[in-house]
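In this document, chain identifiers A, B, C, D and E correspond to the written order of the chains, with residue numbering beginning at 1 in each.
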Amino acid sequence: MIHKTLNISTSPHISTGTSTEDIMRNVVWALLPVAAFAVYSFGLSALMVIVTTTAACVLTEHFLCKFSKKESTVSDWSAAISGLLLGLTLPPNFPLWMAFFGGVIAIALGKFIFGGLGYNVFNPALVGRAVLQAAFPVAITTWFPAFSPARFSTFSVATFTFPFMEPATDGFTGATPLSAFKFDHVVGETTDLALGLISGSTGETCAALILLGGIYLVARKMMNWRIPVSIFTTVFVVSGILYLVDSQVYPSPLFMLFSGGLMLGAVFMATDMVASPITPLGVWVYGAIIGLLVVVIRIWGGLPEGVMYAILLANAISPHIDNLIRPRVYGTAKSVKQS
Amino acid sequence: MKEGNPAHTTEQASSFKMLRAMVGIGLICALLIVLTFQGTLPRIEKLKAEALEKAIFKVIPGMVKKKTYQLDQKNKLSEVSDDKKGGQLVYVGYDENGKLAGVAVAASGIGFADVISILYGYDLEKQALVGFYVLESKETPGLGDKIEKDPNFLANFGALDVMLNDDKNALKNAVKVVKQGTKKNPWEIDAITGATISSRAIGNILSTSTEQWIPLIIKNKDLFEAHKNEKAQQ
Amino acid sequence: MSNQNKNKENAGFFASLQNSPSTDEFIKGLWRENPVFVQVLGMCPTLAVSNTAENAMAMGLATAFVLLMSNILVSSLRNFVPKQVRIASYILIIATFVTMVDYAIQAISVELHKALGAFISLIVVNCVILGRAEAFASKNTIGKSILDALGMGLGFTFALLCLGSVRELLGNGSIFGLSVFPKSYQEWIVMILPAGGFFTLAVWLLIFNAAKARKATT
Amino acid sequence: MGIFNFHKNTFKHGLHPPEHKGETNGLPIRQFSFAPMMILPVAQHLGSPSEIVVREGQEVVRGQLIAKATGYVSVPLHAPVSGTVRKIANVPTISGKMVSGIYLQTFPYSGQEVLEGTPIDVETATKEEILKGIQDAGIVGLGGAAFPTHVKLKVPEGKTCEVLIINGIECEPYLTTDHRVMLEQADDIFMGIKYLLKVTGAKRVIIGIEANKQDAADHLEKKLPTDLPISVKVVPVKYPQGAEKMLITAILGREVPSGGLPIEVNAVVVNVATTAEIGRLLPHGRGIQERVITITGPGVKKKGNYLIPVGTPLRYVLEQVGAAENISEVYMGGPMMGVAVSNLDISIVKGTSGIVVFTENEIKKQEKVYPCIKCGACVDACPISLNPSKLGILAKFEAYDQMAEDYHLMDCFECGSCSYVCPSHIPLVQYFRLSKSIVRKRKATKQPA
Amino acid sequence: MKEESLWYIFINASLINNFVLAYFLGICPFLGVSGKMETATKMGGAVTFVMLISSMCAYGLHALLTAINAPFLQLISYIVVIASTVQLVEMFIKKMSPALFRALGIFLPLITTNCAILGLALFQTNKGYGFFESFIYALGAGTGFTLALVLMAGLREQLNFAEVPNVVKGTVLTLLIAGILSLSFMGFAGLGSQ
């Protein structure tokens, strides 16, 4: 006789077995090599920045959950990703108090107010960075040379700036390839760019490792490959056309692809699924918009870099993309748009 | 919910009332406005003139007296009154001896946030820009507004070389912005770190404007001085 | 109604004032019906010229002045103006006072006028003013209208100051131009940028909401 | 087949859940023993329940009519065994509802010969006679829906049926019922097709089979009668290809219009087991008393494909095949669309195609539900190209009308693909079932007014 | 030497110095009607339309006031003339195209005395724009306004189905999003300065 009380569940009774937490954890794995290279090339200061932003995001998430009497959602790893990515987009010599502030903003303003994981309409890490860039534009464009010999023994003087105080700028600051191009028309070597032998934000310098992380995630079906491909294609094609028109004025498409935050942004930040469109065609359009905005801002805009702005603007557009681009439903003549 | 409107016959009366009310209010308003306008006009004009004077004085040190010239269609300069609008104006300044002290030129161009308008002073003796003043800018406070406040940046305009070439029809060396701390030649401007775009915009404005104006001013030097003599004699 | 009574009980000092109806006309605009924080009216000038405390103050007072004068005029003419042309006449009256303020400020300081820019003229379309003219002054005596205008005007100024001082303090390290923080203070430039205006107003409203929510639960 | 027409031979999206068919697809169909007591609910099909025509205490012979159809959309019920009607009372069903039914005590020593009725000769019978015969045999769709087959087969006025599709896809993981039927009952299938051709007037017949049942396809191909316009088409493996809309798309490249039936694209789809049953029963005028069921899953000791009498209690079935100690969930049907059983006292019905038993190791643990992260997996899975993510969010916020009006809720056929792939473990199909019923209710209350 | 190209005027008014996100003009309709996509687009259309009309009115009025040397009448005349012109146009549209009237009609009276409209008229006068420049400026301002409104509407429609904390719901959320949008639009700063 079988006496057991049976479980009841609703169909389907099987599932892929991948959970949101798994996805998030794997994104962290994929980011670790990038972070490790950041520490290798910029030293202790970079390590401190990354640790600070991650801690700030995780703590903020925890306390906001507590404050709103919800179960803490720290364990889903998404706050850790936001923190890690925020750290990777900041300069290595960024004052820690500002980095901490950025982490708090990223989660509070970029995620919590919208209802937490899954509801944020903007990329939280980039909201944090955008606020930091607008609040402390000088500190966030003060760069630190890569591979300085003392990087593992000393910190940048700016790192431990007293909270609320202005960071001291040391004599070290060097230009990144993009600003060197924008203001002095010096084009960096593409191989140096790809291998990360340049200065820039902590995590943006080594394109090779970023791509590797992206390929890992795509292979595990944890990332939408269409987004980076669409961005890269658009940037390459548009800047390629400009380059053909006048190679004196416009930078080469390879330089465009490998400089600045484009790699990190396209692979890890534009792909944040929460704030991007959901349909395959929509995602292509989204990528194309980002690519186009990046080229426009970099070439004609005032700022040397525009990846962050491009992604945030595209985030704002993505509800419309989802609304307008809907796959044709099986058995209907045309997808019926919301009237 | 309609209120009973028994006063149908009073329609004419009410339209008369309307007219009366509007005319009455219109009169009161007109009176108030005109009174205020008349009352404040002298002081406003004085303040405005003072502000302009102050700006010009900033860019032409030693100026005590000025005249305003306007460039007409045929590229000719002629004297006009201050508040004349339209056409490009230059202000010619004279020192206490009535000697030509310099010329102030207004110029504008696209900056970081919007159009920037500036005034710069040109010293004909030194063949250099000797003063610089921002008339209007919407650049980011604390950042782009360093073009108005940063002493290091303003120091660029103590004597910015705008010497003409031998043909006297163009600058020998165009005004140029370089990265902060790398200024080597007297015609270069040291940019502001953190406000590269605004400081470059100033450079661009100056370089286009000086290309046009410096040769013109030199050409009209006699005109400016003649006027002085004329006035001095009277 | 019961809510109001509860407010009165809680409010201590204010309660004693609120007992007399005429002070109530005055007090309500400051807090309970604050035009910015509670009625969410006249947002544009609130945000646009609140980047420093001084600008906020000037703008607030200018608005209060226009509010006061137009309330007086509207209230005294309230039996003279027929219904059909009411709004048109209000606009005329308000525009007149705004023009006057505009010239007055120009006569006081060119700098200040430059800082406030076109927003002085835009007081014309500030719905707080038209709103008070329509909702209050056209129905009440001059005395009451004056109190109402003063309350609302000062409430508006208070709200602007709330924004302006926070933005100036964090964004420039000063209040009314006086440095508050040590020289090496790192300004949060975002606060004086437009985005900072949105954020600061949002935070103030958030504080008001939270306070309201707390009151509702206790 | 082949690489070149790979894409044409299937539908958009869909999934590849692990198949687990190897465990039973080699095991021939075996007759199951007769349970001492059969439990027969009268509502085994969609439509109105049948009406009981026997009394308590009455003795019946296997195959005898015990409940008659109550209208057009209804079928009769036949005694699955020879025995005595013990009780007429409410019996439990899988939905948890009690419906009226019959407790039939089996004669232990009976030879269980089947009663035969008037045969229906495929050559001479008219269309109407065949349809009547199908109804009288109590045949319902054995593919899972249990819709009275004669109703489906009646081609409406003004429509023509050009193709008859025999559904041998069996895309549910674990199940091998149709696979064995195709291997072992080819002649019955072809006989059934003859009847179907006559009623539908179709010009050709396509038997659709997934590539993981190549042996069945080869077997049928070999035995293909030369006088019938039948072809066998093998399509790539993909869930839910067995759903008739998807199958039609895979085989004909046509799309059934939203809210419409296959006949609107001139096709009729019948399951292979249903076809075989028609071919076996009609020539003898019998009624349906048993069906082939795959009993499988990690919780079962003697897995296999069994011919089980309708009405056999589930508890008896599991006792016969031996259940593992730690069984935890039992499903009627496959793991994708099947329904979990809460009460082992329910019985096998005509629509039961399989019984899958999971132990504690296989069931989805109380998985934590996260908010939708808009990963798009569900969008990439939904064979109807709906947006389950958006639908799920709308359902959570109870915006049912918007779901139906803007997001085609009613086109969802509850295949469960979206839930299967969702990393946030959102019970999407469950939401949609609920939402659909609410929308239907709202419509029903609105329309008459 | 004002060498602003028409192109720059358009980009400046629509993106770099967006009326809503950088100048804080038209905040009320922005907060009020950005909840629904449908009303947002219609409002955007109506505002753009009124902006074009009032820009032309303001251009003409300014010329007139300069001629009769009565600058003190600027504000009053702008307000009165713009309001009555819009009224006339409204009546005209009602006659000529009832469909267009239904689409824009209810919004027109709401915005005739809106600060974005008056602001546009005043700014264009301050900047000394000519007729074409004014027209493009109005077109840019209207486009920018519509863009901000439409982006906000999309976001807010999506956020109707989000677990927004109660204290943030409503105006606060809209303002915070506006802040983030405003930051995002900073990416356009300096366009054309190179």
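Please note the rule applied: contacts are C-beta pairs under 8 Å (C-beta built on N, C-alpha and C of every residue); 3 or more make two chains touch, one makes a residue touch a chain.
Predicted model, so just to flag it, every value in this text is computed and none were measured.
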Reaching chain B from chain A through chains that touch each other, fewest steps: 1
Touching chain C and also chain D, the following chains: A, E
Pair joined by the larger number of C-beta contacts - D-E, B-E: B-E
Chain separated most widely from chain C, comparing mean CA positions: D
Remotest chain, chain A as reference, centres from CA atoms: D
Centre-to-centre distance between chain E and chain C (centres being mean Cα positions), rounded to whole Å: 23
Intercentroid distance (Cα basis), chain C paired with chain B, Å: 34
Chain A-chain C separation of Cα centroids, rounded to whole Å: 41
Distance from the mean Cα position of chain D to that of chain A, given in whole angstrom: 49
Multi-partner residues of chain E (each touching 2 or more other chains): 72, 76, 163, 168, 176, 180, 183, 186, 189-190, 192-193
Of all residues in chain D, the ones touching two or more other chains: 371
Touching two or more other chains - residues of chain C: 92, 95-96, 99, 103, 189-190, 193, 195-196, 199
Pairwise chain contacts, counting only pairs that touch as defined: A-B, A-C, A-D, A-E, B-C, B-E, C-E, D-E
List of chain A residues in touch with chain E within their complex: 68, 109-110, 112-116, 119, 121-122, 127, 130-131, 134, 182, 293, 296-297, 299-303, 306, 308-310, 312-313, 316-317, 319-320, 323, 338-339
Complex contacts: residues of chain D adjacent to chain E: 371, 393-394, 396-397, 399
Contacting residues of chain B [partner chain A, same complex]: 112, 140, 143, 179, 191, 193-194, 196-197, 200
In the complex with chain D, residue positions of chain A that touch it: 1-2, 4, 6-16, 18-23, 76, 115-119, 221, 224, 273-274, 276, 278-280, 283, 322, 326-332, 336, 338
Chain B partner contacts - residues on chain E that touch it in the complex: 1-4, 8, 12, 16-17, 72-73, 76, 127-128, 189-190, 192-193
